[in-house]
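Structures given as structure tokens follow.
Next come two complexes built around chain A: one with chain B, the other with chain C.
The block that comes next holds the complex of A and B.
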């Protein structure tokens, strides 16, 4: 079954902020040729938070970098299309892309320690994107920065304006980063592991802030993480990635209640549960991620899957509806679907 | 009734509440007294270089063979020779004073020229990479591989010996040192997340370079520059020594040093006093450079 027929048409919808359609991305090195993304499909609507989860090297960050067109020099989009707020950016020239970055789409980085320039006061750094994209007076810019600082929950914004990054804590710096991303009221914010470098209490504060921003500004957020807890907390929809494929995409509750892909199931099982009495080892997924430069024919997960069949070895499953609303899975033998024989 | 004598605890006077300008000023002023002796030395030398005639009590080029190689403190009808006389009977003190002009002009200007050329080329090489980097950095390697004197002789042969050409030569010879440091620092900075961050905000290359890269590159260049000042004084001396720099009888510390070394056993003062002058100015400028470098690093405020 082809995917386009199963998912909603993505062009006609005004509400769609980011539409990724059959995206292929390849790395070209001197000695190797790696296909890092295999035909990704997903959309983010206005005010929606999509969580992208997967283990290291599965292509989460590449997906986000292609949405803002900041790919490494040796990476190339070889197929498919990315639409940002209705315009296709797949072949957009760099100059036009610069106008979109920070304005329509912006990014929050993982490490608040290194993502701020240590030599410039934080207020000035937030001002940067206003200088770049908005033609407003200096006094108005300052006013806006103070507002932004307030809206991300920073006390004494007037004083903070003049402080250098080293004078602020990690959580504060992450708030500054969020203020920077918000400055021009973007339609989409990409948050690449926004809480990984923070401790747990600060994590939950930042996640609350992200949810709050979505409520107030109706900003769409693409949140990338390998922490399923983070996703459960903030996201509306979750896409699970494995070896450059999206293997399952569903609303949060649907995904956690009825995981259909064996990989998703495995991920959820591997989270230790305080109420369960474990004897011996925690659950884990056997085997390791296949080499991206030598993916086997058929399903990428075949060598680690308990339900593997002949078909899995030959044909790569595409995302298909599971029968539950808004739930798609790329598996020949999805869990909870007993009609397909083993 | 006894009033409880408890004052409401005041929030400590944190410098965080200060406006940026005051904060900066306060910071630059701190420890200024450490720099006092060095600043005084630099100021004195600059005054001397601007107006040597105010202090010197003899014509620096007036020869009098009757009083050659006299001790410091020698006294006759024409006056006191504070630092003695040289092999032609010229007053060493006056020559040191007049020499300051040439030496400081040449060393500071050549450091400025080579620092700006090298710094800019290094930043361009580091930022744009690829073919641009290859061309600039291989050119730098080439310049470094040509012996200094050979390049100097070539340039002077084409342009003719003069003070200006001396500065050009030194600038041409020394820029690779700055270029290498600037390129390295630029590479390190470009790969920092905050540079990726401003690019993700839509900043153009020029803005990234001016706002985020140049401030990172300048501090190490200042340190190199202050070390190079001393080296340039010596280089000027060696070029003048083989007749390609300052032309006699004009005094410069370098020429005095090289001429004086022939008489080291008979007249120690000939080489010692210009040497002392070089030592003082180089140490002062180095200390000053370190001071500025520390001020440019906001993290050093925590000390």
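The block that comes next holds the complex of A and C.
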């Protein structure tokens, strides 16, 4: 099994903001040793929004934390490479990494309630990135924070500057988080379930804001979610993760129109569709996610897959082109093309 | 301001309660007249003495008299020394204050730095060395710590006087003895409070902005972990100012602690009552200051709102 041959072609051009190449990540617990990421490959270009979807525990958050090098202490990158704006950060010392965080790459978290420091006025929290990364005067910083607050749609920014997180609503707080992530005009923003904790109406506002930011600043965004609706709304490309593998990656329309991996198909079928009459229950994927510390040989999805064959039990399929443009799938029996892999 | 007014009113009621309890318990504890009178005093002499002290009146009358005098600011005369108890306390309090300050400075410095270090280096050797030391400090009673210190530092090494008052040098051993307990309490509280904060989500946010460890501690963690530390330090201050009975006795330190022991054993009712009253006033005062500090540290805490 050659890993080289399975790698997606990585473009050397300057347009690639994040390139993850054959990334392996291992977890060391007291009694177990778990490989949580199995050779991930993907790229994000300038101004592109990539959605990373999958169930909890599939490794999507670990992927995002690897990209900003904020992994838990017991997690270790054991293979592959991560390039951020052309620089390899895989083995970058912490001191250099600190200069990139909040500057070239920044992050939006799931819980705006707890992700902000409760005892620091929100304006000051936004300002902190500027203090750390930009050598500009106090007055200029203030001005920039006010601009940022305006640009994320916060009314009365001067007054908000001095308010504490508890004085703001959840949606407002998420806007503050976004302003904070934007402060130093980063090349890449990682948004880890940015709307999960919010009300539905607020969710769509925040997603609109994220799209708006991409339009205005050409920021690349890696959005992590378990919600395919969110992905359909904002992303250009989608990577579907399952048990530490990327099983399918394609543009949004391609993926929704021609899902190739049985898992993707299952995910899409489990979304209720108001235009269809349902006789019985919604489709669901049978079984549950396999234990990462005891993955079977072969395809990780084998035990839940209807199309499983002998080959699936022996050999793990790697991402391969489906024949459609920009569409890759890791499956021996992809849907719609029964010849691939045989 | 309205809040403070209400708190002061509460304090007065609490102190009234305390003095009532102390008054009755004291009068149950024995008869001071028998202790004061010379051994060969006649029954008549004793009766005269009892009358002079007002102890022959019904307990209720005595109580009303006592409470009435408190409101007049008159805490009475010491039975034994026959001077106003307020003067006796005023002469002793500076010593307790010195000792309390010494112990407080030591325990704040060592408590907070040990707590911080063992939180940051959780699981590392620094924590593994510091925490057992803390545990020893907390487990050793003051009389044992005091005796050990006297034995090694004054008897063997002649570094410090073993007892009594005489300049800053004499303050050191009792301060260490007194501080060893508070240091442990403060260190443990600091450690657990900081560890608690290190696990919060906002810490990860700060890291994602490029904040380093030092800045994280100073700008983000410290204020967030301050409230439990303030609480415990407040309690320690109140304890220290109330007089350290055991430590003062070991080192013959003429503070309130020693005075308490002396006044109780001679059944000097007015003096005991005054000391207890002062102790509770200090306790309530420190608590009030702590509460005011909470609101300063954490804007989410609104003063004057009822807990219900």
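Basically, the second predicted complex is superposed on the first by the 329 of 342 C-alpha atoms of A that agree within 3 Å, B and C clash if a C-alpha of one lies under 4 Å from a C-alpha of the other, contacts with A are read in each partner's own complex, and residues count from 1 in each chain.
As a working rule, contacts are C-beta pairs under 8 Å (C-beta built on N, C-alpha and C of every residue); 3 or more make two chains touch, one makes a residue touch a chain.
All values reported here derive from a predicted model rather than from experimental measurement.
*Asks:* Please determine, from the superposition on chain A, whether chain B and chain C clash or fit.
*Replies:* clash
*Asks:* Looking at the overlay, what does A:114 touch: chain B (first), chain C (second), both, or neither?
*Replies:* Both: A:114 reaches chain B and chain C.
*Asks:* Once the structures are superposed on A, label A:225 by its partner contacts, choosing first (chain B), second (chain C), both or neither.
*Replies:* neither
*Asks:* Could you look at A:180 and tell me whether it touches chain B, chain C, both or neither (first, second, both, neither)?
*Replies:* Both partners, chain B and chain C.
*Asks:* Is A:68 touching the first partner chain B, the second partner chain C, both, or neither of them?
*Replies:* The answer is both, since A:68 touches chain B and chain C.
*Asks:* Using the superposition on chain A described above, determine whether A:322 touches chain B (first), chain C (second), both, or neither.
*Replies:* Touch status of A:322: no partner.
*Asks:* I'd like to know which partner A:162 touches here: chain B for first, chain C for second, both or neither.
*Replies:* Touch partner of A:162: chain B, not chain C.
*Asks:* Of chain B and chain C, which one contacts the greater number of residues in chain A?
*Replies:* B
*Asks:* Which positions of chain A sit in both the chain B and the chain C interface?
*Replies:* 68, 70, 98-103, 106-107, 109, 111, 114-120, 128-129, 132-133, 164, 166, 177, 180
*Asks:* Which stretch or stretches of chain C touch chain A in the complex?
*Replies:* The contact residues of chain C facing chain A are 200-202, 204-212, 219-220, 223-224, 297-300.
*Asks:* Which residues of chain B touch chain A once you look at their complex with the stated criterion?
*Replies:* Per the touch definition, chain B meets chain A at residues 16-20, 23, 192-204, 207, 211-212, 215-216, 298-299, 302.
*Asks:* Quick check on the complex: what are the chain A residues that touch chain B?
*Replies:* Within the complex, chain A touches chain B at residues 68, 70, 98-103, 106-107, 109-111, 114-121, 128-129, 132-133, 156, 159, 162-164, 166-167, 177, 180.
*Asks:* Write out the stretch or stretches of chain A touching chain C in their complex.
*Replies:* Chain A residues touching chain C: 68, 70, 98-103, 106-107, 109, 111, 114-120, 128-129, 132-133, 164, 166, 177, 180.
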